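Two complexes, one shared chain (chain A), two partners (chain B, chain C).
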Partner chain A sequence: MLEPIVRFFAPKPLSVLPYYVVGAVLFSILVIIVLINLPSRARKPLIAIVTFLAGLFYATEFFWPIDIATNKNFLTDYLVPASKLGSLLGGMTLTLGILSLLRVHGRNIARLRSGWYNSLALLTAMVAMVIFGLIDKYGTDATAKKVFNVLFEGMLINMDATMFSLIAFYIVSASYRAFRIRSIEATILMVTAFLVMLGQVPIGNALTDWLPKDGWIASLRVENVKQWILSQVNAAALRAIAFGLGVGGLAISLRIWLSLERGAYFEKEI
Partner chain B sequence: MQHAFEKLAPVLIVEVLTAIIIIWRIISAQRGKELFIRRIPGLNAIDEAIGRATEMGRPVLMVPGIGGFSIIALQALSIFSYIARSTAKFGNRILMPVADPTVYTVAEEVIRDAYQAEGHPERFDPDSIRFLSDRQFAFASGVAGLIQREKIASSFMFGEFFAESLIFAETGNMVGAIQVAGTVHTTQIPFFIAACDYTIIGDEYYAASAYISRNPTMLGSLVGQDFGKLLITVLFVVGTVAATVAALNVPTLGEAGKSFIDLFTIR
Partner chain C sequence: MAMTPKTSKPRDLWERLQAIDRRVLYTLLLVVITLPLFKPIRLPMVTMPSTQKLYQAIESVPQGGFAIVSATWSGGTRAENMPQTEAILRHLMKRRLRVAIFSFDQQGSQFSYNIASRLAKEYGYEYGKDWVHWGYRPIVGVVLKSLVRDIPSTFATDRDGKPTRDMPVMKGIKDIKNVDVIVEIAASGIYMDWIGLVVGANPNLKFGFCPTAVMAPETYPYMDSGQIVGIMEGMRGAAEYEKLVNTTGLATKGMGSISLAHVLIMVLIIIGNLGYLATRARGS
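Up next, the complex of A and B:
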């Protein structure tokens, strides 16, 4: 029944792709015109119906009995086209994101605000990455490909790694503050962290190496204390938090699916 | 692909029953039943942090994380909408760097609406909501730069955070900002606890909109959540007893214990 939809969303050869793109743009414009001209009182019910149907699709796919051999039911094949619709919406909003960048930084340059040269560097880098990225993907020019390689592998990846490496220093300063003994909680935290760190390094294990490896006394060996803290105390607390989050996620999903959500954008006139 | 029929009992008992309980509590709350919710210090601190920014005349930063548009982002925007209403009232400057273009478009609408709702649409600056980059560390460096340059007074971080969480929190700490954070990613919670003044932990994150709005529907859902957690706790206790009697091979009860454990084991 839904086979034509799956075929429609399947990858298309390059020769027919422009027609699909033009068709999609025209269809989107049509949808926007219809939505704008829709009476105000009809918009909310429309959003509620679309949200409910979308949620119903995923819920039915999850709960409907499956064919054990293929691990699928009659809706499983349509999951990919459904997720592509979400990606399409995300792709459209990227344009708005880029417009925001151009607006903020373009104004900085035009008015020569303090640090305007940073904005210029950002916009230049953005345009350069787009141009050389496209040439690298679709073009044949060897020099342009090399430039893209320098921009991406030589600069962007390394700058990412630099930012990532900053975390190591921040961990030191954050843990220094967290472990300062100011209260009973901080003391427990400090002692626990100290034991876990000792259990992770050979010198820590060596401290209790003289204790027997069997019997109840073995539980006092540093590596066993560390393991007990991680698997019994830490894992239990994390699981409790995860269960709470799961139930919370279920509640908010239900509210949105059934259009029961209130506050912020859910109550405004549209 | 995961399906309910791979293990029907846990899905039906935990998921469907919890959903029914939540809907039941929402309906009773809508009928006017009085509900109690406990105090959440992190959410009470929001007003204190905005007040501090007002006194100092410095901006308020709101970061919705680097995740895409999901229930986590929706919840974050719901909290930010409340914050924006307060900043609109007091005339604080806000900064909201965004990493996901979809979240950016919705965030702009939400914050604009908050200013309109407070009767100060002229105070809304479209440039305060900025799309920076969808690359994790490019976004992190952008936000860290904003914090340093603008010397923010208060920082609110709600949403999906990964390794960049500590970069934001520590940079905020360096400029002396009062910081309130909450995320669903348990791996990042210790970083926020270490570097922020207040941290929303676990399902408090999903309780935020109900706590702030005090809307009966939301409060009903919150109480339903607690009933769901109670159900899971009961299952934990019964499961512990079942596993113990099964391990000890207690006559008759041992078999029942094994059957119970089998019912909930996903292989």
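Up next, the complex of A and C:
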């Protein structure tokens, strides 16, 4: 029963791959058109049914007893096709994101709105990355592969690192300006932060390196103090938070699964 | 007419201590980070129990065992996650374990492939026989859920689209029960997905986590419970691991910069508070 599905989703040779890609795109467009043209009152029940069935599948597969001999229940074999379907849905949401970007920034460029050149840079970069990425993956042109290498490893990765490293400068400035010992609690927080920071770096270890490594006195070495704070005080607090988050997550999951959730994304007319 | 906010000038030394120009702060940070890279500082390095536990867990896997390494990180956390990935892969290859790598991040996939390719040459690892790269995989939940039950189908192709089923490295690997160790190197809370969906499915599985330093504190309860066997905490953890596997990499070299940056932040906080306390005492 599963065989045709497995065969359909199996990796395809390069000679037929484009047909499958074009077919998938056309099918996706067809599905989106059908969904858009559904009457408003039919959309909500459809979403509720699909959400419920998807949740029911995973919950039943998880809780249903397994056959000891095969280590499976009647739904286990469908897990992999379901995961592929999930990946496909992820791909479709990516397409929607790209379409949205094209619409918003395309309009900025067409109307020469303020900062239109930023939109142009964004779309050019996106299109270049897609084209050279596909050539890198499936093509043979050496120059195009080098261009992709420059775009991905030379530019994207380094720009990402640059953006992130700026945080270090903001942290220094913000901690200097905002960290004031205005109360007992703030003082405790600062002392604790200092101990953890010192324990985290070798220069802190050097401060108490003269203390013996064994015996009760070793507990006063800064790295051991830091370890105690993290594994005892911090872990206890985090356990409490994690417990609350777990219970809250379960409640929210049930509400979404049963389409009971209200508020942003749920009550708006779709 | 729009009013521009006026900033009053600091009146005395104590007020000036609380209002050091941010350009001075940025310059100081730049100096303390770059200087030790050119003039290394020798500092004592103590291996933390969390790092030692991860090392011991991998040491306990018999030769030829199967390890999965997930590199869910990007260029933004390269300084921490790259040395971690390198240290872990180096240890796995030193131990002659079979290694499968993949990533939930496009950049992480490329980074981990580059690192593994370089180390594979160093340790004589043959692609397809000793190691494989499953490439980038989107959607954490569905991938983890299906890898528990069926690894060959979940990772049917490698990063280049080649079928993995017949690769010697995948021999005998059917589901999570055939995996000895999993190490997740990440800049996010993805460890929760592994614990929730994968770790409990194989009681003998060793799951290690290599987060950025800022993520590490929240993972401690899971090491206490044994769901995570060991944690490599940021660049510091990577430097400790490099020491354990007898190598000097980027993390060890960066310890001087990290140390001085931490000291700078502490000194600046103390200076700001001295000014604040003095001003407050004068006011009262």
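Quick note on the criterion: the second predicted complex is superposed on the first by the 169 of 270 C-alpha atoms of A that agree within 3 Å, B and C clash if a C-alpha of one lies under 4 Å from a C-alpha of the other, contacts with A are read in each partner's own complex, and residues count from 1 in each chain.
Assume contacts are C-beta pairs under 8 Å (C-beta built on N, C-alpha and C of every residue); 3 or more make two chains touch, one makes a residue touch a chain.
Just so you know, these numbers come straight off a predicted model, no measurement behind them.
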First (chain B), second (chain C), both or neither touched by A:Gly244: first
First, second, both or neither for A:Met163, with chain B first and chain C second: both
Touching partner for A:Phe152 - first (chain B), second (chain C), both, neither: second
Which of chain B and chain C A:Ala82 touches, first, second, both or neither: second
Touching partner for A:Asp209 - first (chain B), second (chain C), both, neither: second
Which superposed partner A:Arg113 touches (first chain B, second chain C, both, neither): neither
Which superposed partner A:Ile171 touches (first chain B, second chain C, both, neither): both
Doubly contacted chain A residues - partners chain C and chain B: 71-72, 76, 79, 90, 156, 159-160, 163-164, 171, 173, 175, 177, 238, 242
Chain B residues touching chain A - in the complex, by the definition given at the top: 1-6, 11, 15, 18-19, 22-23, 26, 68-69, 71, 74-75, 77-78, 81-82, 98, 100-102, 104-106, 109-110, 113-114, 126-127, 129-132, 134-138, 140-141, 149, 163-164, 166-167, 169-170, 173, 184, 186, 189, 191, 193-195, 201-203, 205-207, 209, 212-213, 215, 217-218, 221-222, 224-225, 228-229, 232
Chain B-touching residues of chain A, taken from the complex the two chains share: 61-66, 71-73, 76, 79, 89-90, 93-98, 100-101, 103-104, 107, 115, 156, 159-160, 163-164, 166-167, 170-171, 173-175, 177-178, 238, 240-245, 247-256, 258, 260-265, 268
List of chain A residues in touch with chain C within their complex: 6, 10-11, 58, 71-72, 76, 79-80, 82-83, 86-87, 90-91, 152-153, 156-161, 163-165, 168-169, 171-173, 175-177, 179-181, 190, 194, 197-198, 200-206, 209, 221, 223, 227, 230-231, 234-235, 238-239, 242
Residues of chain C that touch chain A when the two form their complex: 18, 20, 22, 25-26, 28-29, 33, 41, 43-46, 48-50, 74-79, 107, 110-111, 137-139, 141-143, 145-146, 149-150, 153-154, 156-157, 161, 163, 175, 213, 216-218, 220-221, 223-224, 233-234, 236, 239, 255-256, 258-266, 268-269, 271-273, 276-277
